[in-house]
Amino acid sequence: MIPIMMQSEQLTDAYIQMSFIRAFEHRLNELFLQGLIAGTTHLCVGQEACAVGVCQALKAEDCLFSNHRGHGHLLARGADPGRVMAEIFGSPRGYAGGRGGSQHMAIGDLNFMGTHGITAGTIPLAVGCALHKKLRREPGVAVVFFGDGAIGEGIFHESLNMAAIWKVPVLFVCENNQYAMSTAFRKISPVAHVVDRASAYNMEAHRVDGNDVEAVHELVAEIRGGIAEQPHAVLLELDTYRVSGHSRGDPCVYRSREEEAHWLALDPLARCRRRLEEEVAWDDAREAALREEIGSRLKAAEAFAREESY
Amino acid sequence: MRELSMSAAIREALAQILQERPEAFLIGEDIGVYGGAFKTTSGFVDQFGSDRVIDTPISEAGFVSIAAGAALMGSHPIVEIMFMDFLALAFDGIINVAVKWREIYGPEYAMPMIVRAPAGAGRSYGPTHSQSFEGLLQNVPRLTICCPSNPADAASLLLGAMALREPVIFIEHKALYARKGMVPEILTPGAIGRAGIVRRGTDLTIVAYGRQVPIALQAAEQLAAEGIDCEVIDLRTVKPLDTEAIISSIQRTGRGMSLEESPIIGGIGSEIAAVIMEHAFDYLEAPFARLGAAEQAIPCNPKLEEQCFPTIATVAAKARDLVAY
Amino acid sequence: MRELSMSAAIREALAQILQERPEAFLIGEDIGVYGGAFKTTSGFVDQFGSDRVIDTPISEAGFVSIAAGAALMGSHPIVEIMFMDFLALAFDGIINVAVKWREIYGPEYAMPMIVRAPAGAGRSYGPTHSQSFEGLLQNVPRLTICCPSNPADAASLLLGAMALREPVIFIEHKALYARKGMVPEILTPGAIGRAGIVRRGTDLTIVAYGRQVPIALQAAEQLAAEGIDCEVIDLRTVKPLDTEAIISSIQRTGRGMSLEESPIIGGIGSEIAAVIMEHAFDYLEAPFARLGAAEQAIPCNPKLEEQCFPTIATVAAKARDLVAY
Amino acid sequence: MIPIMMQSEQLTDAYIQMSFIRAFEHRLNELFLQGLIAGTTHLCVGQEACAVGVCQALKAEDCLFSNHRGHGHLLARGADPGRVMAEIFGSPRGYAGGRGGSQHMAIGDLNFMGTHGITAGTIPLAVGCALHKKLRREPGVAVVFFGDGAIGEGIFHESLNMAAIWKVPVLFVCENNQYAMSTAFRKISPVAHVVDRASAYNMEAHRVDGNDVEAVHELVAEIRGGIAEQPHAVLLELDTYRVSGHSRGDPCVYRSREEEAHWLALDPLARCRRRLEEEVAWDDAREAALREEIGSRLKAAEAFAREESY
C-alpha cells in the first residue's frame, strides 16, 4: 500500500480545527467557572490532534461513536459549535435538546451516532454498527473513541473478541491520555500499552503519537482504507495527555508538575504550527487572523447557545 | 386453527419475522446448529444462514449492546438470553443504552430490538436458572415487557413486539414451552399493552400472566364449584400495564388478587395494587392481595421450589379469604 | 452534638469502621488520592494505607464480585460505585452472587459487604449520572437497601449496615452531600429496617426517604399554614420496609402518599401502597398516592430535570387533593 | 526450581479417584435418564485428570471455586460422594440441603467455596478470595476452575486484569474441553489457545495436556509452590475433551464422530492405567478389585442420597 501523505491544505485545515477546539474548550471552562453552566464537563485540551487527525481521515459514510470527552470529536466531525455549546448549556437548541448535556450528543446527519456517559459503553455499539454494515452490505467503517480507562471494563473485552471473530469493519480508537480520572494508566494496566491487549484477539493494532496530527491522519487514512477493502477490526492507540483536569474543579494532585511540563512541550498545536511554518510559511499575521476568526465564531456560537432556554 | 406447543408457536413467529423482515436477525448463545437451549430456533441456521442466526461467545453484556448498536443503524435484532438469570449481566445495555438513546436523542435514534428470555421456575433448574426479572425491570422507564401465557399469544406478541420498533423484553416461561394450545393459521401482530379477560366472573378478579394464568384458571374452576365466580385477566404485557382492563374488572368485582412469577416485594402485583388503589378505590370491598415468588433464592428440589410459588390451593385459599372479607 | 455535612458524617463513619474493624476495607474507583468523586474518602489512603483503601480499574462488575469473594472469606468490604447508574454493570454480582451464597449454602457463607452508591438527580448530571435504582433493586430477595436523608442517619445507618453482616446497598443522594445537620459526638449503629417519624401530624401521612424527606417536611410546613397537619415518615431503609411504622401512621391519619427518587411504576411507592392496602385497608379514607421520578430518562437541563421529580408544590397539591377526597 | 515428580502412590491414588469420578458420573447419567433426578446436570466424563491432577497438587489451606461442571472438582477435593449425590437428588442431606442441585455446592470444611451456575461467575470470587488472603496475610492460594466458554465473559477480563495488577495469589484453571455447549472454541476465539490471552495481562501462563494426570499434577504443584513463595496470578490451560454431551440429552450434532474417536484414544483413565502398569504393575485383578470397591462405594452413596427426601 502506498503511504498516504497529508496535503498542506489538510494540515492547515487541521490546525484551524484544532485551534478552534482548544479555544472552544477554554471558553467552556471559563463559563463553567463562572457558574453559567450546570452539571459537569470533560475537556479535551491537549488531545485535539486525536480528534482532528482521526476525523479528517474518515469518510462521510463512516459512523462515529464517542465517550464522555466528546466535544473535540463532535467538532472535528463537523458539528455546529453553536449547537454543541447549546447542548452543554442545556438549551432546546442543543443536539439533544438540552436533555443530554456535555456527555450526550448525537448528530445523525453526520453519522455521529452518539457520545455517552457510561465508560466503554459505546464500544459494543460500534461493533453492532459494524455488524449491521456487514450484514446489510452498507459501506463505511464504524469508529469509536474511548479512553485508556475504558480498557478496564469487561465490555471492552467482549466487544473486541466478537469484532475479531466476526471480522466486522470497526476501528477502536483509544486515546491513551495517561489517566482515567486520577488513576494513572500504569497503575491499572499490567502491560505498558493498550495495543499490548490486541494479541489476545489476534487483532491488527497500531500505536502512534496522538499529539502529531499528521501522523494520526496518515495512519488512520491507511487503516481505514484497509478496513474498507477487507472488513476487519483494528485497535489504534493514540498516545496523548489530558492537559485539563478530569472534569470541572480537579486540581490534579495525583500527578506532578514535571510530568505536565513534559507533555506541554509536546503540545499538538505548537507542533502543528511549526510544521505549518515549514509547509505554508504560516506566520504571526496569519495566526492573529485565525485567532480573530475563532474569537468571532466562538462569540456567535455562545450567543446562539445562550439565546434560548427552557 | 391448529394445535401447537408454545415453543413451536414461537419458532413459527420467528421464522415469519426472518422471512418478512430483512432487517431482522437472531443473535445469542447456541441458537444455530444447537437450536437454542429450548430449541426455539432449531433448523434456522440452515434455513436462513449464519448471517441471520448468529451464534455468539458467552458474552451477554456484549451482544445485548452490540444488538443495540445494530438496531441504531436500522437492524431489528432479536436477542436470545439463554436463561433470564443471565440478563443480570446485561442490564447496563438495557437500562443505560437501549431505552435511553431514543429518550435522549429522539425517535430517529430508536433501538428496535427484542430480548427473548426463557424464565421462571418449575423445572428444578435451581437458584441461578429459575428467576424472572419482570418485577425488577418494570421500574425501567418506558421499557416494554411481554409475558405470554399460551402459544397463540406468544406468537402474536412476538409479532406485535416487532411492530413496536422499541426495545422489548420478551419473557418466555420455561414451564410453558411444551404446553399446547390453538393457534391461528395465519399469525398476526397482537396489541402490546392489552390484557385479555380469559374468564368472566363477578365475585373476584385474578390478575395473572405467564404460567400463573393456567394456575389462576384452574383455581377459578375449583372456586366455581364452591360458588365463587372469578374473573381471570391475562396481562400479556406487564409493562405497559393495561390499567383500564384491570380497573374496569375491579369496578365490577370489587375484589382482586395478583399472581406473579417475580418476588412479591416490588413486584408486578405491587404495581397493580397501587394502580387499583388510585383508580378503583371506591369500588374495593376488600384489600387487593398479592401472591408471587417467595422472598428467597429459588431452590432446586422440586417440592421446595413449588412451595415458593402460588399454587391452585394457595390461590383458592386467598380467594376465599377475600370473598369472606 | 455538632453540625456536619452528610459527606463529612459518612467520612467519619467510614473512618471509624476502618479503625475498629480490621476486616473492613474500601474498594472502588478513584477513592484513594482523589478521595472519591464526592470526596467522602479524602485523606483515607494516607491514613489507612492502600491495602485498606483500594483504587480499582474501571471494572464495576469485577470489583463488586471480587468484594463478594473477599467477603466470603471473612473480609467486610465497602465498595464505592462512583455513580449508582454504573451499578447496572454489576447487577449479576448483587443478584446472582452476593445475596445468593448465604441463601443457598447457609449463614456461614454470608457475604457481608456494603455497596455505597451516590445516586439521584438534582445536579444536572444528565441521563446516565442521575438515576437511583432502589425501586428496581427492592425486587431482589433479601437485599437490604438504605437511603439516608441526613448526616446523622447516614452515619448511623452505615454503622448499622456493618453490624448486619449482609450485603447492603447504601444509597447516598448526591444532592444531600453538602447539606448540614446535627450529628452525635459518638457515632453508634442505627437499626436497619426502622423508619423514623420526623414530623407528627394527624391529617395525612407522607412517606419519604433520601432527598424527598426535606421536600416532604417543607411541603408539610406549607400545608400546616393551610390547616393540613401532615405526618412525615423517613423510611431510612427502603428494604426491609418498616411496614409497622407506615401502617400505624396510616391507621391514625387515614390518608397518605409516598415520595420517591425512583420512577413510580414498580417503585418504592407501589410497594408501600400495596402494603397499606393489605394491612390498613379499613382505615383508609382516600386512595394512597404516589409521587416519584417521571417515566423518562432524566434530562440534564436543570428545569427539565426538576420537572421530573416531586416538588414542594406538587406534594402540597396532591396533599390537598387527598384531604379533599 | 527442582521439578516436582509424582510418587507412585499418588499416581495410584489419582487413578482410583479418576475411576471413581467416572463411575459416579456414569451412574448419575443413568439415574437422570431413568427420570429419577429432576433438573439438569453437567458431567465431567473425559476431564477427570484435570480435577484430580489439580486437586491432588493443592494444599488444605488453598481455597477452591468451580463452575457448573463441578462434580469432579468436588470429589477430587475430598467431598463425600453420598452428600454430592444427595445434593443432586435435591435431598436435605446434600451439601446445600437440596437447594443448590448439581450446579451449586460448597464445602467450607474443605475450603471448597462454591460451584456456580453463572458462567465465569466464580472467577472474580477467586480473585476476591486471593485479595483477602493477601490483605489478611492468610496462607494458601485461591484456585478457580472454569471452561473455555467462560473466556467470553467480560468478568474474565476484569478479574485477570485486577489479579495481575494487584499480584494476588490466584490460579486460574481453564479446562479447555473444546466446546462451550455446542460452540467450538475455535469459533468464538480469535486465538488458538486460552493461554494466548495471558500476554494481555502480562500474566504467567502454562498449557498442558489435561488428559495426562501426571503432567497436570506436576505442573500445578510447581505453579502452586511459586505462588505460595511470591504471590501472583497464573493462568493455566488444560487441554481436554468433554466426552459426554453438554448436559442431559445432548446428541452432540455439532461435532464429528471422528473427533470424538480421536479424543477417546487420549482417554485420561486408559493412559493413567498404562502408566500404572509400568509403575506398580497394575493388572486386571487389581482393576477388578477396584471396580468392585467403586461399585460398593457408589451404591452406598446412592443409598445415602436417596434415603431422605423433602
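Here the chain labels run A, B, C and D in written order, and each chain numbers its own residues starting at 1.
Just so we're on the same page, a contact is a pair of C-beta atoms (placed from the backbone, for glycine too) under 8 Å apart; a residue touches a chain by one contact, two chains touch by 3 or more.
Not measured: the values here are computed from a predicted model.
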| item | value |
| --- | --- |
| Longest centre-to-centre distance from chain C, chain (CA-based) | D |
| Distance from the mean Cα position of chain B to that of chain A, given in whole angstrom | 42 |
| Centre-of-Cα separation between chain D and chain A, whole angstrom | 46 |
| Centre-to-centre distance between chain D and chain B (centres being mean Cα positions), rounded to whole Å | 37 |
| Residues within chain D bordering two or more other chains | 99-100, 104, 116, 118, 121, 151-155, 158, 161, 165, 187-189 |
| Multi-chain contact sites of chain C, meaning residues that touch two or more partners | 56-57, 59, 61-62, 85-86, 89, 92, 96, 103-104, 127-128, 297 |
| Pairwise touch network: line, ring, star, complete, or other | complete |
| Touch list for chain A against partner chain C, complex | 38-40, 90-91, 98-104, 116-121, 149-155, 180-183, 187-189, 253-254, 309-310 |
| Contact footprint of chain D on chain B as seen in their complex | 29-30, 32-34, 37, 55-62, 85-86, 89, 123-129, 297, 299-304 |
| Chain D residues within the chain A interface of the complex | 151-158, 161, 164-165, 187-191, 196-197, 199-203 |
| Footprint of chain B on chain A - complex, ascending | 63, 95-97, 99-100, 104, 106, 108, 113-114, 116, 118, 121, 124-129, 131-133, 135-136, 138, 142, 154-155, 158-159, 161-162, 165-166 |
| Complex contacts: residues of chain B adjacent to chain A | 22-23, 25, 51, 54, 56-57, 59, 61-63, 65-75, 92-93, 96-97, 101, 103-106, 108-109 |
